[in-house]
Amino acid sequence: MNSDHKKYNDLGLGVKASAGRYRILNKDGSFNVQMTNLPFKERVNFFHYLVSVSWPRFFGLLLLSYFVINILFALFYFLVGVEYLTGIEGSHEFEHFLGAFFFSAQTLTTLGYGRVAPIGLITNSIAATESMIGLLLFALATGMLYGRFSKPTAKIKYSSNAVIAPYQNINGFMFRLLNPHKNQLLEVEANISLSWLKDNSEMRDFFQLDLERNSVIFLTSAWTVVHPITQESPMYGVTDDILRKKDAEFIITIKAFDESSAQLVYSRTSYKANEVRWGEKFAYIIDHSAVGLSIDASRLGESYQADLNL
Amino acid sequence: MNSDHKKYNDLGLGVKASAGRYRILNKDGSFNVQMTNLPFKERVNFFHYLVSVSWPRFFGLLLLSYFVINILFALFYFLVGVEYLTGIEGSHEFEHFLGAFFFSAQTLTTLGYGRVAPIGLITNSIAATESMIGLLLFALATGMLYGRFSKPTAKIKYSSNAVIAPYQNINGFMFRLLNPHKNQLLEVEANISLSWLKDNSEMRDFFQLDLERNSVIFLTSAWTVVHPITQESPMYGVTDDILRKKDAEFIITIKAFDESSAQLVYSRTSYKANEVRWGEKFAYIIDHSAVGLSIDASRLGESYQADLNL
Amino acid sequence: MNSDHKKYNDLGLGVKASAGRYRILNKDGSFNVQMTNLPFKERVNFFHYLVSVSWPRFFGLLLLSYFVINILFALFYFLVGVEYLTGIEGSHEFEHFLGAFFFSAQTLTTLGYGRVAPIGLITNSIAATESMIGLLLFALATGMLYGRFSKPTAKIKYSSNAVIAPYQNINGFMFRLLNPHKNQLLEVEANISLSWLKDNSEMRDFFQLDLERNSVIFLTSAWTVVHPITQESPMYGVTDDILRKKDAEFIITIKAFDESSAQLVYSRTSYKANEVRWGEKFAYIIDHSAVGLSIDASRLGESYQADLNL
Amino acid sequence: MNSDHKKYNDLGLGVKASAGRYRILNKDGSFNVQMTNLPFKERVNFFHYLVSVSWPRFFGLLLLSYFVINILFALFYFLVGVEYLTGIEGSHEFEHFLGAFFFSAQTLTTLGYGRVAPIGLITNSIAATESMIGLLLFALATGMLYGRFSKPTAKIKYSSNAVIAPYQNINGFMFRLLNPHKNQLLEVEANISLSWLKDNSEMRDFFQLDLERNSVIFLTSAWTVVHPITQESPMYGVTDDILRKKDAEFIITIKAFDESSAQLVYSRTSYKANEVRWGEKFAYIIDHSAVGLSIDASRLGESYQADLNL
């Protein structure tokens, strides 16, 4: 590979930065890179956090906020005096507080049964403020729920392993992918970068691997991405042992246009040396009848033995 | 056609995958490809489903959820005891349940008339939870309604048939399209792929057809897309009979920028051999006066006989 | 101009379609093209209509719907019987109907004062349905309001006239534009198409005019777009009289990236022959001090006499 | 630099416009350009203002509107007569007005306790209108909150100073940047424009500086953008003194694809002559262990002395 390719392909990690033995990219496409010593307000993006946090945590935070805000307002009503809330039940202080708490919940959600209702300037003012805050908070929750749901993510499914298989009269590095969802992915582009340690060094080299085909118009079926191991390939003459010794990592980037969200989406994964099967070929998983094609997605990673060309 | 074109143009279906006689692309642009054996959670995208499901089904699901959730909460209130709901009507158990059901509806929608209102810790807690859930559910519905409505789809109208018509001193494969909506489509690009069976084989060949013009800046009028059948065209020397015998399919892809949604949109359709009229020409459907042009959209597919060049 | 340019530049209107004397593009960027005989459901996009209709009409429609829906539900409650609404005022039938109408409004908006409240199965069911419909309708209104407000439109301001001014040692066709809003427009591209009648014909020719500069990185100031009238220009040797006789129209297209909405935006306008001032130059409207530049937007179209080069 | 570059790189400010000594671009990426004499309705974009105004001001405006609208409606109710509001407290006029005010708040937020409720045609009509307006206003607030939160902004962090450091066997102009947030920035492109005063003139020249590398696929780490000062560079032979005398400004533009919002984002900054440190090199701030890389963001701008090549 020429140096131009290398330059483009150190992925912006920098030559020094890429030294050492570790996994650059996790299977799920996240990077093993951390930022430290960032000021809190530069690091944290509240909305982005709430949009990307897991569902249980998201709902947990919602419930907690709901509870805490009601406790807070209940305290306000309680301190002003429950005599300014008509219809409050019980005689015990705690019962009064509970009454104020549920009145607060009815106000925050703009439910407003009215069995308990505010009288007097202060209690009325707090209630008017609370109902407005309630609407804004639920406006926020609406936005975040929409943000969570509408977020386009090309949930591309990759074969669990890559293979080195015979390809025409040479061999090729191959992996396979498909789009499990109903939304069409269009103008799908693939990119393979190979990273490994230089000989007798802890520094890493980066190569962009040439592909048999860089893009497909539609990703309706399973696509086998192939890097033909020609004499120009850095993989030429390399064996399984060498790949493992050099701590090789094949970094995969997929870029596509997601028709349903009308947005560009990216997907990433990587194959380490031990995730490459030598002398295997992907199984044929497409069935075709008079009405069309049918692809067995569960067999995406299935491969069988096949003699390599020398 | 050279092999480069072919490679790009098997549409990502793969050479083997494209064997056999069937329609690759339906008239509405959907593919005759199915994924099988996908785990449920990889296959299903709840939001995407609710955004793309038909309107009657969408509203049916909304109503059903509303009903089921209210039944559920009514059950909770009922089991805790209707004595914790003030103002509940009737003496019969079923009347009590109905009362709890309607109270639940008033709580879920944050209506809260208050004629029936909760008392006691447990009933109040359920009501506070229900009103919050209600707000979140309607937040979700808001997002989905917006998602449904704002989804850009280039609803391009295609001529029902393609024609082989005289073009300059040769002939051409032609179809016609227009944008029935008021939103402008800009930088509109057309692409025609021809797929047919190889001679004496059940394998398919793919060709990208060269166009007289690949794009227009605006799609304000009807656009006749033309593939001139030159000596370089795979259609050169082909007859209606050959086209049918080879189970030919012309796969049309349109890409445009939709000005009103500020997004890229794609549209697809296909013409099978039996949807191509030989020796016909599209009728002239544009009227122009002093104030501008007027296009008769109902005559988009209209054609009349025209002698082909030899 | 070579024929390639012409082909690209009949704007997708078609050669025949572009015959005759009329304005192709209005000053506000809309086209003088109409579609007729379209089936209703293909032509109408409800959401798109409500998002692009004028504000008074939008609010008029909202109010009207609100009124009509309440009348409808009031009728339901009235027909079931006002005895199923507690606290209804008056003894006259019309007073009862009014009571039902306001109860409906309180239910549709989920206000639910509860002074008037439903009893009995049927009235309760109607109310439960109405409150749900209310939430969905306001969810819809939320989406449409957001759609209306977030719609990016490059509200570019153009000089009211174009000029033919001296340019270096030749002359040039020039117009000027600026972005009145605070949002930055980036990577701004300009395109001028000239359309005029062929000699002794009612058919139109289209030319793409070469520009001194096709794009600017930022549109922070006023940009004078210049077509130098070189010997290669179709404008070479043309006079004001010829331009008017040929019913010339300069069609302007601007494409930019709107930073605040992160979307591509397009803007269009046109100058007819009578909107071109010959032998005038745009006035200098930029003021610069130690703190930066200041542009007098009200003088965008201002020009003064300047002798043309021969 | 050739004149093509210059033309492209006067940033659309115009040659004349760029005369004088001032900062073109502020550190935060905003321009020192103002539009004057714009008609109010052309200049103001209400939604854009509310989406980009600071949070305290945003909430201040919300609260103020809430207060003013309630005062207004309270006035209506008060003028019609508090006898048309059941359950209003107090005997004093001001108490009545307060009661009307809180009733208005309960109506605008669709809280509707019902302790105070409207009777009679006029008061009921006002309340029905107010609750509808309330829903629309909060719909608007929802949209604006979503607009504020979902706005993608590449909050790129730049080194506070640029440096002139040894680069291979020559020197280079360098600055450093990183993305402090968790969202991935992909296909990141950098651009440096140099603006300075012509010799013995108050007119400015603009140059686009060639970069060692124009783009990186990912911005996971800190990226040092380098302009090598070759013999072709306008910086060749320039000293710190010359830079200051020519009032030089390095204008930085970064363009990237923000994966989390699926949108293109731009970031800008500039370095004036006094923000360039001569003969310094950026410190190495990357730590790598077995699990990945760790970058000390607080040291982004840290540099140490380094002898320049001659």
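Letters A, B, C and D name the chains as they come in the text, with residue numbers starting at 1 for each one.
We take it that a contact is a pair of C-beta atoms (placed from the backbone, for glycine too) under 8 Å apart; a residue touches a chain by one contact, two chains touch by 3 or more.
Bear in mind that the values here come from a model prediction, so they are computed numbers and not experimental data.
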Of all chains present, which has the mean Cα position farthest from that of chain A?
-> C
Interface numbering overlap (same over half, different under half) for chain A and chain B | different
Repeat of interface C-D, chosen from A-C, A-D or B-D - more than half of residue-number contact pairs shared = A-D
For chain B and chain C, what's the span in angstrom between their mean Cα positions?
-> 26
Just curious, how far off is chain C from chain A if you go by their C-alpha centres, in Å?
-> 37
Do you know which chain B residues sit against two or more other chains?
-> 110-114, 142, 146, 263
What does chain B use to touch chain C in their complex?
-> 62-63, 66, 70, 89, 98, 102, 105-106, 109-115, 138, 141-142, 145-146, 149-150, 155, 157, 178, 180-184, 186, 188, 213, 215-224, 257, 259-260, 262-263, 284, 286, 288-299
Mind pulling up the chain A residues that touch chain C in the complex?
-> 110, 112-114, 142
Spell out the part of chain C that touches chain B in their complex, as residue ranges.
-> 7-9, 11-14, 16-17, 19-24, 31-38, 42-43, 45-48, 51-52, 86, 107, 110-114, 117-119, 121, 124-125, 127-128, 131-132, 134-136, 139-140, 142-144, 146-147, 151-152, 191, 253, 261, 263-266
